[in-house]
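The next part holds the structures, each set out as C-alpha cells.
Presented sequentially are two complexes of chain A, the first with chain B as partner and the second with chain C.
Coming up: the complex of A and B.
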C-alpha cells in the first residue's frame, strides 16, 4: 500500500520538488508500478534464483592497460559554469519537502 | 556504572590497479582536474561500463589474505543516492553477493576480529569547496575500491588501532594498495555504540566519518564513547545517525539522520554481467600470494631466533623486512643484522614515512658483506659500527674504508700489552672500578680503542682489563 507519506519521503530522497496537488496522482501511479513489479515477481518460479541474470553471460572484463583519456575540453563541453577545469555544482533552487 | 564500547569498522582501500574499475582511464593520483576522464567515468547516458579484470584479482587476493571465503558467483549492483560527486546518481557497488565473505584478522591477544564481507566498488569524484561555490573534479571517479566490513567485534580503541594496522600491513604486503591514510587510499568509518558491562544486547550506534589518521580515529572513538555514555547516564537515548569528526575541535557532529541516509534502493546493474570465479582460479591467486606479515613475524622469531619486539619492528615495514632478509644471507647470528638495521639505520629514519620508504644509501648486499666480516671476527664490532656510519654517509662498500691490516686483528700478546698501558694511564678509573663503579671501565676501554684505531675486540679487551685491575 503506497501512501501519501511514502511519496513525500521518496521525493525527499530523490531531491525532487513535488507540489501538493501532484501527490494524489503520484500515489496512484506509484501503486500501479509496484503492483506491476509484484506481478513479475510472482511469475518467478523456484529454481530461477538468478532471475536477474537473463543474459547468461559471465566475465566481460577489460584488461588493466591504460588508454588515453578524453580531451578535457570535450569532457567539459556540456558544463554550465565552473572554472579551472572543473564542473560547477549548481545551487539547488527547487524546494524539497 | 561501567560501560563497554562496541565497534565495527568499514575500511575503504583504494586499489593500485593502473586503470579505473569500469574504463581504461588512468588511476594516477594528482593530474589537472578532469584530465583522467572519459564518458564512462563522468557518467554520460548511453555509456557502458566494463569491469577491470585486475580489480577482481586484487579483491580476491585481499579476501584470501584476510581468511575470507571467495564467492564463485558474484555481481554488481547500483546503490542509488543523489550527490554531485557521483554523476550517475548511483554508485556501482556490490550488495547481496560480495566477492569475499566471512574472514578475520587475528590480533596479538589471540582474539579474532571477524570480517563480514569485502566488496568492490567505484570511488566518487572530488568536491572542491571554494568561495561559497562547489566545483567537481572527476579524476578520482571510478578509481577502484574495496570496502572491508568488520563485525562489531571491537571492544576498545587499542583493538581498533591494531585491527587497522594489521589490515593495512596485509594490503601493503600483498601489493593491492599503497594504503596511505594521508592521501586517502585507506579510509575508515567507525560504527560505535555502548552498552552496560555484562549486557548482551547492542546499544544504538552512530557511524563516524572523516578521520584521516589512526590518531584521529582513536580520538574520535574516545569522544564518541564518552558522548554516548553521557547521554545514557543522563537518561537520554542515542540517535542512530551519521556523524562527522571535527579534528580542530576534537568532537563529532551530526551529518544526517539514518532515515535520510539508508534508503539506497539497491538493484542489480543490468549493464554488467555476472562475475564467475572458478576454484582453480582462486587456487592460483592463493599461490601467488607472498608471505604475509603474521607468517613472517613467526618465522623471524622461530627460525631466526629474533626477540619478538625486533621481529615486530622489522615486519612492520615491508621494505625493511625484505632488506633484512637479503642482508641475512649466510649470516648465522641474524640478531647482528637486525641490530644494525634497528640501531644505526633507524637513527637516520625519524618518521614512519621515512621508515616506510627506507631510502638507505647501501644495498642489503653491502650490509651483508660488513656483517659477515664481523661475524668471522675479521672486524671488531666497534670498527664495524664506525665503518657502517661511513658507508651510510657515502653509499660505498666496506672495503673502501678498511685495509688488509685492519682485518688482521691484534694478537692476544699485543692486546694485553696495550691493556696494561691503558690501566696504567687510567689509575683513577681502575680504582673506581675496583670500588664497585662498573661504568668506570668504559674510559679504559675507550683508551684501548683509540690506541688500536678500533681494531681491538672490545669483549676480549674488557676481560683482560678486569683481570688486570682485580689482580692489582
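Coming up: the complex of A and C.
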C-alpha cells in the first residue's frame, strides 16, 4: 500500500516538488497504477531469464575518431548566450541534495 | 495511384509547380488548423524556400526523388535544426535544436517540404493528444472526438488533407492508434530499422519513428526512404530490403495467425470488421490459422513499468540549466531543479516519472523492473513460437474507435487499457501496420493491425497492400477539407 510518505520520498528522488494539496490525489493515482503493475508479480515463473536485448541487436560501434563538434556559442544559444562561455545560474548558497 | 506518387507526377509533368502546391497547403493550414489544432508551429518560410529549390530542379530538367517536393509534417519530438521543437511541453517551449534528427536530415536532403511541426501528447505520453500543452488535436472525421495519440497532430493533418504524410513516433502505439482513429495507414517499423538519433527520448528501448499516410504504398515509400543505417544511433540496423520491391506480390498461401487473446474485451463492431477482413484474405488465397499468445495478458503492466522506468531516466535531463524552461525564483540549485521540473512538466508526465522512479528505487527494482524484463523475454519467445506457425498476425489496432473529448481525463488505468493491443509489438521490437478496415455507426474509422516477425516489414506491408486493393473503396473516405488535387 503506497502512503503519503512514499509519495514525498518518490517525488524527492524524482526531483519534483509536490504541493500539499497534490499529495492526496497523487497517492490515490499511484496506488491504483502500482496495484495494476502488481498484477505481474505472480506471472514470473521458474526458468524465466533476464532479458536485455531486442531483435538480438548489439551496440553498433563505430571508430572513435575525433570529429567536428558543436560550436560553444551555438550550444549556449538556448540559454540566452550564457556568460563567458558557460551556462549561468543565479548565485545561491546550498548544495545539490 | 498513391497520393505521394500522384503529387510527384503532377510536379514532374508540370501540372502544378511546387511553389503553387506549397502555397495551397499553407493557405489550407491557416484555415483548417483553427479547427483541428494539428500543427503547433507552421514553418511556411522553410517550406516555400524548399519549394523554390524543387521548382529550380524541375525547370533544369533534373530527376526528382520520390519524396522531393512533397508537403509533409513532423511530430514535434523530432529535432529540427533552427526550428523550435517542444515535445508539446512547457518545459521545452523556446528550445531550438542545434542539429537535425537523422530522419529529418534524410528527408531534407530529398527536398521534402516541411509545412510545420505536429501536435502530440506531452513527451509522447498519452493516447489522445490531450496532454499537449497546446491542447489536443481533433479528429477530422468528427471534431467532438480526439485524433488519437500520441502522434495525433500528424494524423489529424494527414486525414484533414493539410499534409500529404507525416512522421510520428511509436512507443506503445502512438503511430498506429491515431492512424486507426483517423482512417489512415500507420507503420511502426521493426525496432532498429529507423534511426532514433534526434528523436527526443521517451523510452529508448521501445521508441521507433514511423510514417502516417493515406495508403499502404505511401507508407512503403516513406519507410524505404528513412530506414537507413545510422552510425549516430547505437541500435541502428537499417532495413534489410526495400519494401516497395515486394509490395504488390501475390499473397496466395500466406498464413495469417489469429490469437484469441487479441480479441478479449473488443467492441463487437470492431471484431466484426476484422472478421470481414479475414474473409477478404481468404478470398485472396491466404490461410487463417489459430495461434496462442499466452503472455499477452501481461503486456500492458510490463509496458507501463518499462516505459515509465526509462522515461524517469530519460527525462532527468530537464533541469532548467542548459535549455528550456527555468523557474524564475529559487533558493538553491536543488530548489531550482525541483521547481523547474514541477512547473514545466504536465500532470501525466509527472505521474509517469514518479512511477518510473518508484519501480527503479531500492527495494522495488526486483519486484517490478526485473520481473517486467523477464516477462518481456517471455513475450518475445511467445511471438517467436507464434511465427513458426504463421507469416503475419492480425488483430484490431484499438479495441474501439476514437474517444470522445476528455475521455482520457477520467481514470488513468482505463486510459492505459486502451493501449492493450498495440504495446506488445513495442515490447517485442516487432513491426506492425495499422490499416483502415471499416467504420462504426457514427462514421468513425476502425483500424486493423498486421504484425510481422522482426525485419518482416516488407511482408506486413505486402499483406496490407493486397487487402487495401480489394476494399479501398469501402475503407477510405476523402474528407472535404484541406487541399484536394
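Methods note: the second predicted complex is superposed on the first by the 69 of 97 C-alpha atoms of A that agree within 3 Å, B and C clash if a C-alpha of one lies under 4 Å from a C-alpha of the other, contacts with A are read in each partner's own complex, and residues count from 1 in each chain.
Assume a residue touches a chain if its C-beta (ideal position, glycine included) is under 8 Å from a C-beta of that chain, and two chains touch if they have at least 3 such contacts.
Owing to the predicted nature of the structure, the values given are computational and were not obtained by experimental measurement.
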Worksheet entry | chain A: partner with more touched residues, chain B or chain C | C
Item to complete: Go through the superposed model and pick first if A:72 touches only chain B, second if only chain C, both, or neither.
Response: first
Item to complete: Kindly classify A:62 by the partners it touches after superposition: chain B alone (first), chain C alone (second), both, or neither?
Response: both
Worksheet item: So, A:86: does it touch chain B (first), chain C (second), both, or neither?
Response: first
Item to complete: Mind working out whether A:14 is in touch with chain B, chain C, both or neither, as first, second, both or neither?
Response: both
Discussion item. Let me check the overlay on chain A: which residues of chain A are in contact with chain B and also with chain C?
Written reply: 13-15, 50, 52, 55, 57, 59-62, 70, 75, 87, 89
Worksheet entry | Residues of chain A touching chain B in the complex | 9, 12-15, 50, 52-53, 55, 57-67, 69-70, 72, 75-76, 82-89
Worksheet item: chain A touches which residues of chain C in the complex?
Response: 94-96, 98-99, 190-192, 205, 229, 231, 233-237, 298, 300-302, 304-305, 312, 316, 319, 321-324, 330-339, 341-342, 345, 350-351, 353-359, 361, 367-368, 370-378, 380, 411-413, 416, 428-429, 454-455
Worksheet entry | Touch list for chain A against partner chain C, complex | 6-7, 10-11, 13-18, 26, 29-30, 32-34, 36-41, 43-44, 48-52, 54-55, 57, 59-62, 70, 74-75, 77-79, 87, 89-90, 92-97
Practice prompt. Mind listing the chain B positions that touch chain A in their complex?
Written response: 17-19, 23-26, 32-39, 42, 50-54, 56, 73, 75, 82, 84, 127-128, 133-138, 260, 263, 268, 272-276
